[in-house]
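Dropping a structure here in structure tokens format, bear with me for questions.
Chain naming follows the written order as A, B, C, D, E and F, and within any one chain the residues start at number 1.
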């Protein structure tokens, strides 16, 4: 299996509901370094997994509505704790759709699985990894 | 599959038996940066995989008997070469037990697999990755 | 000149006033990886610059009132843009006082200069570096 | 499953054919940080996955014909775009052969799978990961 | 003294003349991670050293004529070995001019010194650091 | 001022005397990532600060008597706490001598200052930085 990973980042504010969160119940924020890993069993005729330029553009397009936002009020997350794990799955869903709707080029259809990893600090990170439905 | 990773480190002394080890047969030491990756198919009602505070505390509790020690004489490793690979499996076993004994909270039971990675330098690391027995 | 650096981090929310900030005028947030570098011309009789345990404890004590906060409303920064540069100088002032008030042990008096660096992402960081007034 | 990773790097020139590559159609170059991850279900009697010295030596031997080269003219890649993904698979093939030909020692036969990852920058990398044919 | 650092990267081909360079006399290439560190004694009325957006744009504008190029033939370096050290000074000169010509905004005039660091791999980097002529 | 940095690492055992060290009084160990930064005001006729191959070789030659050792018994450090700070100065002295004795080539004489930094973990490091006596 081949993989290709591109990196971007967002800077957001949010707060969590639930005593388990302790001080993170207060409004605070995070820089998330976002790593999107695309996987496919074969390369295309140019020896590419997907066009890296399209991959970066799609990732940016998906992150833009979250970047420099307070996720308690924007982003469509009402009633959700926007934990690092949760945001991984959210971004994963949008990138999977981009592959399946052809926005990563014709070879985007060949992406078999996708992993989205968010680093919240040098000592903690989370990811969501899942296969994509075949065409 | 979701994953959540927390990081800690230990500073230990040890030596290896076997000509294959060359100069590492002498008493020497290492800083191990320890990355513990918990995986589960679902998040809990708070959108957490496991409580990150409990995860850090359990990892520290497991590392404490190794930290600032000579593993040739302490840690219960008599007759073993405490290679990076071996220590990964040792820490993995203790963290797996912590999940299964409820010390990572009720959702710790949902941890399906666990990876423990130890970085011994910027140019070498090892890991042990295994599924956990279901309840 | 000797130096010793210890690392911690904070996760904060804030917003900026001024058209120059573009989207960063909105409420957003950041993880700041904080590196505090202490410098002294000599080591003490134990070959230490300062006690690394005391250095970590003081840095944590200084960061605690900022951590998991909205700096627009807490931290005593009314009327200030809490840019990365600005926060470096704020933390620098508090650590310099800690050295000069003896909270880093007797050798803390010997700290000649101090640099506080905050990484806001993998592609941007700021610092404040200044000598300390001698006793 | 155990894993052991060793790291090396190469500095190469190349160009790509295909409009999709944009400015990368011009002759340019890259530093590739190469991470080779060996995996095996068991450790040997010394608690080693493979001899780390042999692993480093084999990786260097395989990289040497690529290092400080223009891959458009050397390395046996005529008619191929030497993308990061492609080079991962090339190096993977050579390392897999090294395991299967006994050049990583007797326990090299036990290597069940192998991942080769090449970092082309701090914001992009690729990998090839595959099981090895059993003896 | 305050500092602000922004990061970008380039991927270039080049070769060196001189027996001292050994295999690097051949046409090869490099990814250079470029860190530009601006320093000033004071922040502006917004608590900024320089506008980080302008700093990133100027750095990109300066790097663009080098990126995805063979420096043996392009970039105006005829007769020069484009070592990492040399390229640091070249980029430094262009960024210093950008400060002094007002392209980093009015506070760009206050930049007192500038350091340009290029990482050629995880184990080697170079820099050029110099004060800027005052207005 | 130009600078050039090369990186190596050592894996050592040691213990400290003095109650201030707490658990580090026990025999333990460390991986030290060693960064040696050479500085000179001018480059040579090849656009080099010093020959990077010679710099790496000298650093390795200096580190070899420490690597895979118990510094309580070897290395000539009787009666000394081999703290990270102390080891920086020790290695600095040996590298400074290498410059001044011509082992870094003729341009080694031009090295004006030298910084040796040892990373003991991802959250702590120390350095020694000093000018070299001119010829």
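In this text, a contact is a pair of C-beta atoms (placed from the backbone, for glycine too) under 8 Å apart; a residue touches a chain by one contact, two chains touch by 3 or more.
The model shown is predicted, which means the values in this text are computed figures rather than measured ones.
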- Turning chain A onto chain E with a C-alpha fit: angle in degrees, nearest 5? 180
- Repeat of the A-B interface, chosen from B-F, C-F or A-C (over half of contact pairs identical by residue number): C-F
- Across the interface between the identical copies chain B and chain F, with over half of residue numbers shared counting as same and under half as different, the residues used are same
- Note on the structure: Check: interface with higher C-beta contact count, C-F vs D-E, is D-E
- Query: chain A to chain F: how many Å between their CA centres?
  - Reply: 41
- dist(centroid_CA(chain A), centroid_CA(chain D)) in Å evaluates to 27
- Item | Multi-chain contact residues (two or more partners), chain F | 7, 122-123
- Going by the contact rule at the top, pick out the chain C residues touching chain F in the complex. 1-8, 43, 46-49, 51-53, 105
- Query: chain D touches which residues of chain E in the complex?
  - Reply: 7, 9, 11-14, 23-24, 26-33, 67-70, 120-123
- Note on the structure: Note: in the complex, chain D contacts chain A through residues 16-18, 20-22, 80-86, 88-89, 122-130
